[in-house]
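Would you mind keeping the following structure in view while I ask a few things?
In this document, chain identifiers A, B, C and D correspond to the written order of the chains, with residue numbering beginning at 1 in each.
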């Protein structure tokens, strides 16, 4: 066995601990984070979701599952992802910035941590048809990837607008043998792709497993996805120890679409209030412009995609069409964990406009030679908004690489 | 310091050993591999090349250099790259296939191992203007990346045809702040880009460092680049030990453009004849079609870009315009190390056509969920050509990811 | 007694029709209801349109989108229905997703329904348990029947549980699908219909999803108390407008 | 005595002209040589075109590409020059890259040069050491002068070394550049020219790169024995053809 990684067996938090040693900011037995969460699903989905709910912790705890999951994370995904001290960026903002390099994962974003876990789950539940929704295409690619790896059929729903603006990822999914189905309703983005995926699942209840791409959807998805992503903060702990002699940063920063990236970097720090959590949302053209995806500011409690959470909606309860330049953040809801973190004030929520995000993305290219996904650029933009102390250790999740976004960047900056 | 990696200090082979403990297949003191190599450069380049020759081993041996190099490889590039057992591919070809995942490196190919090394070299030599040639654009991106990281000016020469067929990489270079200069002479591909880079260097002898992207060019480049890339076989040794209990595969396979990728995976096995080396060249439309880049088969001894080696040329000594669907293999020469490996029979050379490479690339997508660079696909295609034993351990260098090649793949297969 | 229960006691197979409120035109709601009653339909499901109707197929999705564009809201619907009981006596059920009700306030929503004379609700994304634990008391307080769904995948045990907390009828989804997707019933449906019939549930069952014509209506009601037509009616209204309801109903009941 | 050495002994500043053999037309080689001699040029560099002339700028590159397209090869050039000594006495140097010579065979190449009456070679990518160790003996055997280059970056020590193994003149590259890039000389060049002049080398120096007109010719030959014009002449031939050599030479020598 590899000595190349620490904490290999701590990867997936033990399920046993969950109820005995309840964490304030974690899910409870009923699938709620405070008042948020649950499983608001049509009866047609009940057997599937219930089967998953009853099995997910048990399956994840199996040594066999853990072994396969960890081995794939290491040899296939390329974990651990580095924790990189960004020297020039740190100098510019006069604080200590570490980048957690999820962009270096196979397929280029944090999303694959989750799809590896879920494909193993699907196999153990005997499913052989996989569906997924995708926004930026990263989750779609990550799903198509693990389906190819396991030889399973893969159908990915993607909004028509996202198909256009994330063309490279559409190409990748095709190469990987997935069927990409355009979602043409509503805002033709992530929300609508999710609707279509859920409809597919309703229509194919027996053989189909739905790999949700974020900490959204009905319980147990948010918790399961957060656990699969928790490998990220597990690594940050020992990596930061190597760099700085402490497992605890002062701040952990992540962009939030559905919230899986943030859930991953927060996970092991959720209940340690010394570690401040910053969640960065997409303000689009501006929080008050009517063209925004800043859910926490603009949202109210409600139900979206099977979960009670914060979402952008009319007074009447119709879900609003969001807008962000970033396909992965262009979502009117947020996972129930994050709704709870917002409501309780545990995390600070900052919203960043298209323009500020793009500028921060280009800055990272120029200062550190890393082209970030536009999603990630939102997280990087906070340094222009918020001052940190020179001794602060700020870990930013570099959730994905920007290869998929080149055209958008180049057009934006007329390069 | 990290316990996350083994052999950290063995990364760059100690220069002290070179002359004392001469290796048959390695470079000699004069810069030759057998009869190949040397520094056939115009006098204008003599001061630069000589400065490098006198310093490269000394600089590489400095603890400070090693520390910075290793730290960047680990935290920035994401090394070690995994050695992944490709289960489904192995089943299909009834042998044990391991993929060395250079595609997971930052910027997506093995090329960055070298540019990290050379940018540190350039800094220590006090140069602040960086030039490079590129074919597939991977070396150009890797160079633009390290220049951004160090805040140095970067000019990349790239053939006009390659600019068109590797557009994503051109976009990336622009994002990173590099100037991409089209080479419009000759076949408008890698050879011509290299000519232009050399001309630039001649015109800017004092402040400019030329980061060559492969084990080509005048001595000491081939040796220096091979040493920077040797981290790959250094890792394979201990990784294979973890997987199979032995440090030695039966075969090591790599595609060869200039040969840096192959040099990296061969390096620590060069003088161990139990490990068989396979070099895969691009046959283009077929070795005898007149549209090929299979240098070893079609080439004769001669001089290209400052080095005596095998190259494709007319009877008259004019360098032939090569052809391959793959921009990174579309080069009429090969590094002198490889010329020597060919001439001595130490390595087996196999050439693969465009079509066979493309098919092998798509197969990897479908079986393993990995989209390889078209360069890499050539290496993968050998399994249809050569039979291995079920117990053979075959390590294939997955030299790069195929994101840059999506359009070519998709058009080829009409996906 | 709730009008739904009264209707269920009639010795006939019941035809229930779904339509999307505010579609094709914002003011069609009342006239569609009147037209359906006049033409002998037994029960009506008034669809409160939702932006993201995830249990629905393309037809009902499109009608919902149009209805919202037309200006339909919960308030508007309640206003339109204010005097509905002056002109019709047919059982009226509001079918809608949970979020708009939640935003209105569940208690207020129920209260308003009672005022208007609504007899029941169908809320596909309000799970049975949540309904039972959090909202049943409210529904009961306002005399509203909550119609729960079962599908071919629902286990016998769960069907019995659902039966136990239902007090009107059970909405028997004919097959695993969103609305408007099935085009006829096969062996699978027949087996399912028979299985449920044999369970002798306390609540009668009404079949929905995939009923579009006389044939499927007849098949469905062979075992069940009635059947619900949704997408087929919405399509009819789309093509023929609201003045041709008699033609549609006649084609079902022959 | 080699014609180059003879010429170098003349008490005058020498004008040497480079042209690409086979350009603009394949058969222009001989008439260009004759024209240059007739118009008072002192020395000629016959460019053997190469596919990848990496020390050359765009002008000579383009002429080389065209010459190759025209069918120029080493064999063809030798054939064209077979009887050249019947019509001219001017020193003739072949300038070319090493690979074509290597493919021809260095010994054979030298032998052929001697037969024809070539006096020297300039091979920019044949390094001094390799020349010295591997080929000097052959060059000497066939009475060929190998002209070595120095540049502003060449150290004094290396210049002395180059001087020591040269036996004709030193090709003094005026500035760090490929051919045809400079457009005049500045302080840097003057300092360089002075520095070399003060070294009192055994071999005279002839300046090349960046000489294009009377002014630069005069500047260069203030310190050096002569100057070489390449790109400017190739450009002239491109624009005016081969029948106008007198005009060009006169504009330099005035």
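Just so it is clear, a contact is a pair of C-beta atoms (placed from the backbone, for glycine too) under 8 Å apart; a residue touches a chain by one contact, two chains touch by 3 or more.
Note that this is a predicted model, so its numbers are computed, not measured.
The minimal number of chain-to-chain contact steps leading from chain A to chain D is 2.
Rounded to whole angstrom units, the spacing between the C-alpha centres of chain B and chain D is 37. With each centre defined as the average position of its C-alpha atoms, the distance from chain B to chain C rounds to 67 Å. Centroids of chain C and chain D (each the mean of its C-alpha atoms) stand 96 Å apart. Annotation for chain D: no residues touch 2 or more other chains. Touching of two or more other chains is recorded for no residue of chain B.
Which chains touch which is summed up as A-B, A-C, B-D.
For chain A in complex with chain B, the touching residues are 1-6, 74-76, 78, 80-85, 88, 101, 103-106, 144-149, 151, 168, 171-172, 174-177, 242, 362, 365-371, 402-403, 406-407, 409-410, 415. Put simply, chain C touches chain A in their complex at residues 50-52, 54-57, 61, 65, 68, 73-75, 97-104, 124-128, 130, 148-151, 153-155, 158, 173, 176-178, 181. Those residues of chain B lying in contact with chain D across their complex are 38-44, 46-47, 185-186, 191-192, 195, 198-199, 202-206, 300-306, 313, 315-319.
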